[in-house]
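Structures incoming, each one as structure tokens.
You will see subunit A twice below: alongside subunit B first, and alongside subunit C after that.
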Partner chain A sequence: MLFVSSRYLGNKIAQALITIFIVLCVNFFLFRIMPGDPLSMLMRNPRASQQAIQKAKELYGLDQSLPAQFGRYLQDLVKLDFGVSFMFKKPVVEVIGGKIGPTLLLLGVSELIAIILGIYLGIVAASHRGRIVDVGAISLSLLLYSLPTFLLGMVLILVFSVYWGLFPSVGMVTAAAKFSSWWRQSLDLLAHLFLPAMTLALTLIGEYGMLMRSSLIEVLSEDFIVTARAKGLSEREVIHKHGYPNALLPVVTAISINLGLTIAGAIQVETVFSWPGIGRLMYDALNNRDYPLLQGIFLLVCICVIVANLLSDLLYMVLDPRVKS
Partner chain B sequence: MGTVTPLLEVRDLKTYFHTKEGIAKAVDGISFEVNEGASFGFVGESGCGKTTAALSIIKLLPKNGRIEGGQVLFRGEDLTAKSDEEIRMRRWKDVSIVFQGAMNSLNPVMRISKQIVEAIRLHEDISIPEARERVKRLFAQVGLNPALLDQYPHEFSGGMKQRVMIALALACNPRLIIGDEPTTALDVMVQAQILDLLEELRRSLNLATILISHDLSVIFDACERLAVMYCGKIVEIGGAREIYLRPAHPYTRKLVNAFPDLELEKQRKTGKRALGKSIAGDPPNPLDRITGCKFHPRCEWAEPRCVEEEPVAMKVGADHRAFCWKWDRIG
Partner chain C sequence: MFATPFLRLSKRVGLFFLIGLLSISAFSAALKVGWTVEPDSVSPFIAYNLPSAEVFLLLYDPLVALNEKEEPVGKIAESWEISEDQLTWTFYLRKGIRWHDGEPLRAEDVKFTYDLFMNSGLGLFSGFLNGIESIECPDDYTVLIHSEEPKANMLMGNTPILPKHVWEQVAEEDLELWENEPAIGSGAFTFLEWRKGEFLRLKANRAYALEKPKVDEVVFILFANNDTLAQALKTGEISAAVNINPMQLPQLSLSPNLLAVSSPGYGFTQLAFNCWESEDSLGHPALLDKRVRQAIDWALDKKAILDMTYLGQGEVGTTLIPPILQKWHYRLTDTERRDYNPKKANDLLASSGYPIGPKGIRVDPQGNELRFRLYLRASNTQEIKAGQLIKKYLQAIGIDAAIETVDDGLLMDLIFSNADFDMFIWGWGTDVDPTTILNVMSTNEIFGLSDCFYSNEEYDRLLALQATQMDEAQRRETVYEMQRILYEDSPYAILFYDNEFQAVRTDLFSGWKRIPENGAFFFTINPYNYLNVTPK
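Entry: the complex of A and B
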């Protein structure tokens, strides 16, 4: 099987690389046609002398023509140099590197919860189709799915932090927590993680639940399900052995694409909860017209989406024997 | 016949579907018998209730379908009285089904061996290697290469998939196999092979078969006895040969006439292409309430009695009955 699929795999990887290159080009021009002047942000001094402004322009390469800037951008990329952040005055790689941990933690936890609970919810709904459980599950999923994350986040803060005072609403760690024992630090981290992870997970549960439900209902109307019932399998076995593995296929694709997108999609949640991750960083970089940093983040997001797609293709090969050719 | 208890005896079976628009009487009081090792056939237009009639035997009905009356005696035991759980364990062990396998009746993401082993181990307490051995034997029995047992369904052609379906149906040594349009999606050559295979297995294993088809020629060819169904009712039942030679019910006559005649001699005389005559009118909606004989709106011989009174079984021959008041008065 691996032998047969190596060409398929090569094709997929080549496609991914081409896509990344196109993204690189778009990435450069997109931010430069955006209104706003990075220099005024850089100088932070409305009365800066003409000379000082000129100096800054030269320093950041903003005095050159667009094509020249693009040429340099590509040259630097080859050397894996993503430039220096205007805001932090540090290499972009370093800035992003410092924020990627918290984002991965937040996303990993909430996606994991959402995948397990969402798929479970979908199966429960589909196997009780038309009954109270199903109606309840659909309503809940629709509500969760359609709620904007920032709204849900603020409601959760209001209930859990303001009214009940159960969980902190800001940041990832309590100041000075690093002086206590490791398990107290972990508890502190978990307490901070709870609300943002719940916000993200809840919206995703709605989405995955709806998807799994409709996919499973479709599969349950297939002929091979009747065959499975005729063999004498119980309704539970029919769903778990024959329905579920088939219904999972479209859901896997949706989840993988989502996985890549949520890196950027966490922007609202991270902003509401002041979570020190990539989403929050992107928000700040946008506000400050930090071109190199924005380019770096966009590139990261794009690569994540493309890699997630690639992974879903690979996973599909394992799950569906028909995809080999 | 006679004193022997039939393998399957269905008495006045009624299966209704409860839909939003009302109750659809898919099967409305039918009775028939199938002896051990015999071949029985159901024929009729789509929607006439032939599949529902056969699947009701093991209660394999959609959620809104219910058996509302009658008995299904399998070796003298009433299956309609059994709980869902009991009937579930009887499925495949006593009665198995060959579906339209060329289409989508096998799970596309599960190896074929696993799908058959699953059925065997559900009903019998044997190990996986033993079950696999049996799958190999079954493959050989239905004319498939046993080396292919670990393939996936999409790697097989339509005819091969249908052979897999038959192997699957034989897995637990059932006494009765129901073939639900088993050859419909196959080309004519493969159709003949599959029907021959079923016939050969029936003889060698003394299996009873119930074949369901909309294709008269298939049923006449493959079954000893048959029932013609129309709108949830059996309109004619008896020996296939007798019905073929002397169709009694107007609907059966029209069905036989609707079949294209391939005799070249006739064609040359009339100068017409050998297309059958279609039956005027549409098959009724199962939700409609039709009084008397269900066929009377489409029947050119209908008289007032046909509208008012439901016909009873009229004896046409030794093993041949028609549900028509006028069968002996039609030219």
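Entry: the complex of A and C
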């Protein structure tokens, strides 16, 4: 049993590594065939001296041929060196490192809220199928799911910041504020986090809620549920012991894929709330043809998606014993 | 099983509300300004955008600056005089000025700065120093500047004076990469903290020799979009906002605590044509004919475009110098003006040898169809709207414009690297010295600042002439003539002089002043508001 599952695991990891390598190659050449010369954008100065251009080229390795650049990129990557960002003139790891925290915080909090509330909403809807609660839950889910993120964000700002004055609407900290203690500083952070996290969570709740509902409804029509009911279990026990664990399987897959994708998808929320995260960084990097930074971010996103998939496979093993054999 | 966590969570949501209430703290004496573009650098050798120039006004003092009435007032220089032959300027420096790091400021710093700008030719300021031949420092507080010809814009440049002891340590070939953080200047504010993509903090310079700022800090907060600017202004997260969405102005004006202005700006938006008369040009040959460019200008209903893009907030474009530079802007006569007239455009094209071809599109004498690529910047929704309207107007005169939306970097590359374009839309900003914007059209600036590759010998001659005319009336005549030449040749169809949209909180700060009278609060000719507004 153990042997089988470790081979299964090994296979999955090998697949993941191959995928990452392919993404690496595609990323490298994809960005370089985009029109636009990074060097002229980097220098900004139409009258840059030949010396300065040459120096910048050498600094960023742009003086070599494309295959040579690729070779060097792979070599450096093995040493976990992701290169130097053109825009920031700092190591890519440092630049991404400074922005990944805010994004992870935002995503972590909103996913957590969305998963708990979404699944709860799905269960409530499914167990009241066809009744007013269900109709309400579906309508709410549909509304949240289809609402454009930026619109929802603006509405929340209007309500919570402008009318009620409860939460700040911009950035992650109050700029130029002096805090008397770390406690006050954390409160400030939480206050700034509330609206963006709410926005992201609400859109996800709709999605997860609908998934959970349909999955649970399908499970509830299966024979073993009839058996469970026939045994005299209460409806609550039927749902929580037999229905819900089985219905969770497809939802887990969807959520874990989503987990990876939302890193990039957070760009809208980050833009509305001027949240200093990866999404906006990616947009800026793209605009400035910052190859090393772009490669770094795309690699990160791709690793997140792949790892999330891997985790969902593993989670499947735990949730569904059949997968092991 | 799931009911309990949900309940607990709702309690936690309640807690969040409480936190929100607590953390919007009492107001401090920091002037918080929201903007949507941050400086590209705080090094005057690397920076090319307007926010950088605005920040330089606060960090660095020039020798002489302009007051609200556009009169020169001494900053680092206490007084100045000009020799009888008008070729030597003498500046007497204020004594006791110190750099932000405590070192004393001396005449040597001025000479070093000007030489470095002139030798490197880098940045926004080196152009102002054109014509200076040599600089002398007979003592620590006197600077003599010699020029071969009289230099008319000597007092207009705002060129930041840099500390020699900092910059002499930077090798010349490193100038273009050295980021200058923290920036050491002698201005009213010192550099405190810059979190790129978030905010830039400047602290009031308590050792400032001139009138000290009334606020403790200026904080520029970067907004990722201009829709939320207005909201943040209402909540008091910022006390001033630059580049507000014009659609939100009418609503902002209703608030009693806000002063929202739509005021003439120091710039314009243009439809530029590729005028490069070289075999290397990748532009459409028909655009080298000024009659085609004029016809396009006739064909555009600029008023309608302005209404559609900026709700009419601005002025229809004509000549190169924006009307806010009242001294220099040339007002065309009614006969000179090309007001919207598609019939005239059609007649001009027909009579110039561009008949309508078989596909309904005009063809030039060589048989090329008048199909032009029109590049628009993806980052600017107003320009995109304008471009789509222009496409329609051009259709009406048998010209096809193929719109391509690109990002800023790519457009710059297409234009400045190899003139690979036919038409595009973007804008220029300028300052009070007309030389700055006039210079963009000079032959010298091809593969420099020139974005339309225009060249005209007479224009170049007048450009050099006006720079030496000390008599303002004479100089104005020359500057007028140059604008007439440009309007006639129309390398740009200037679409409009777009307004600045800014708003400030009058309940949080007092002493706001529009500069000039109908102008804006920020991005004007001087940093008056940063220095003079007082927290309430």
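We adopt the following convention: the second predicted complex is superposed on the first by the 310 of 325 C-alpha atoms of A that agree within 3 Å, B and C clash if a C-alpha of one lies under 4 Å from a C-alpha of the other, contacts with A are read in each partner's own complex, and residues count from 1 in each chain.
Quick note on the criterion: a contact is a pair of C-beta atoms (placed from the backbone, for glycine too) under 8 Å apart; a residue touches a chain by one contact, two chains touch by 3 or more.
What you are looking at is a predicted structure, and each value in this text was computed from that prediction instead of being measured.
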Using the superposition on subunit A, decide if subunit B and subunit C clash or fit.
fit
State whether A:227 touches subunit B only (first), subunit C only (second), both chains, or neither.
first
With both complexes overlaid on chain A, does A:246 touch subunit B (first), subunit C (second), both or neither?
first
What is the angle, as a multiple of 10 degrees, that the CA centres of subunit B and subunit C span when seen from the CA centre of subunit A?
150
Let me test your reading of the model: by the given contact rule, A:56 touches which partner, first (subunit B), second (subunit C), both or neither?
second
Look at A:213 in the shared chain and tell me whether it touches subunit B only, subunit C only, both, or neither; answer first, second, both or neither.
neither
Taking the superposition as given, does A:89 touch the first partner, subunit B, the second, subunit C, both, or neither?
second
On the superposed three-chain arrangement, identify whether subunit B or subunit C touches more subunit A residues.
C
After superposition on the shared chain, which partner residues are touched by A:319: those of subunit B (first), subunit C (second), both, or neither?
first
Subunit B versus subunit C as contact partner of A:272, first or second or both or neither
second
By how many Å are the closest C-alpha atoms of subunit B and subunit C apart after the superposition?
17
For subunit A, what residues appear in both contact lists, the one with subunit B and the one with subunit C?
none
Interface residues, subunit B side, partner subunit A - complex:
58, 60, 88-93, 96-97, 99-100, 103-110, 118-119, 122-123, 152, 154, 168
Can you check the complex and tell me which residues of subunit C touch subunit A?
1-2, 5-6, 9, 16-17, 19-25, 28, 30, 32, 34, 40, 46, 48, 121-123, 173, 175-177, 179, 195-199, 201, 217, 219, 221-225, 227-228, 231-232, 234-235, 237-238, 379, 406-410, 412-414, 416-417, 447-449
Where on subunit A does subunit B make contact in their complex?
222-224, 226-234, 241-242, 245-246, 249, 319-322
Spell out the part of subunit A that touches subunit C in their complex, as residue ranges.
35-37, 40-41, 43-49, 51-52, 55-56, 59, 88-89, 99, 113, 116-117, 119-120, 123, 154, 157-158, 160-162, 165-172, 174-178, 184, 187-188, 190-191, 194, 240, 270-276, 280-281, 284, 286-289
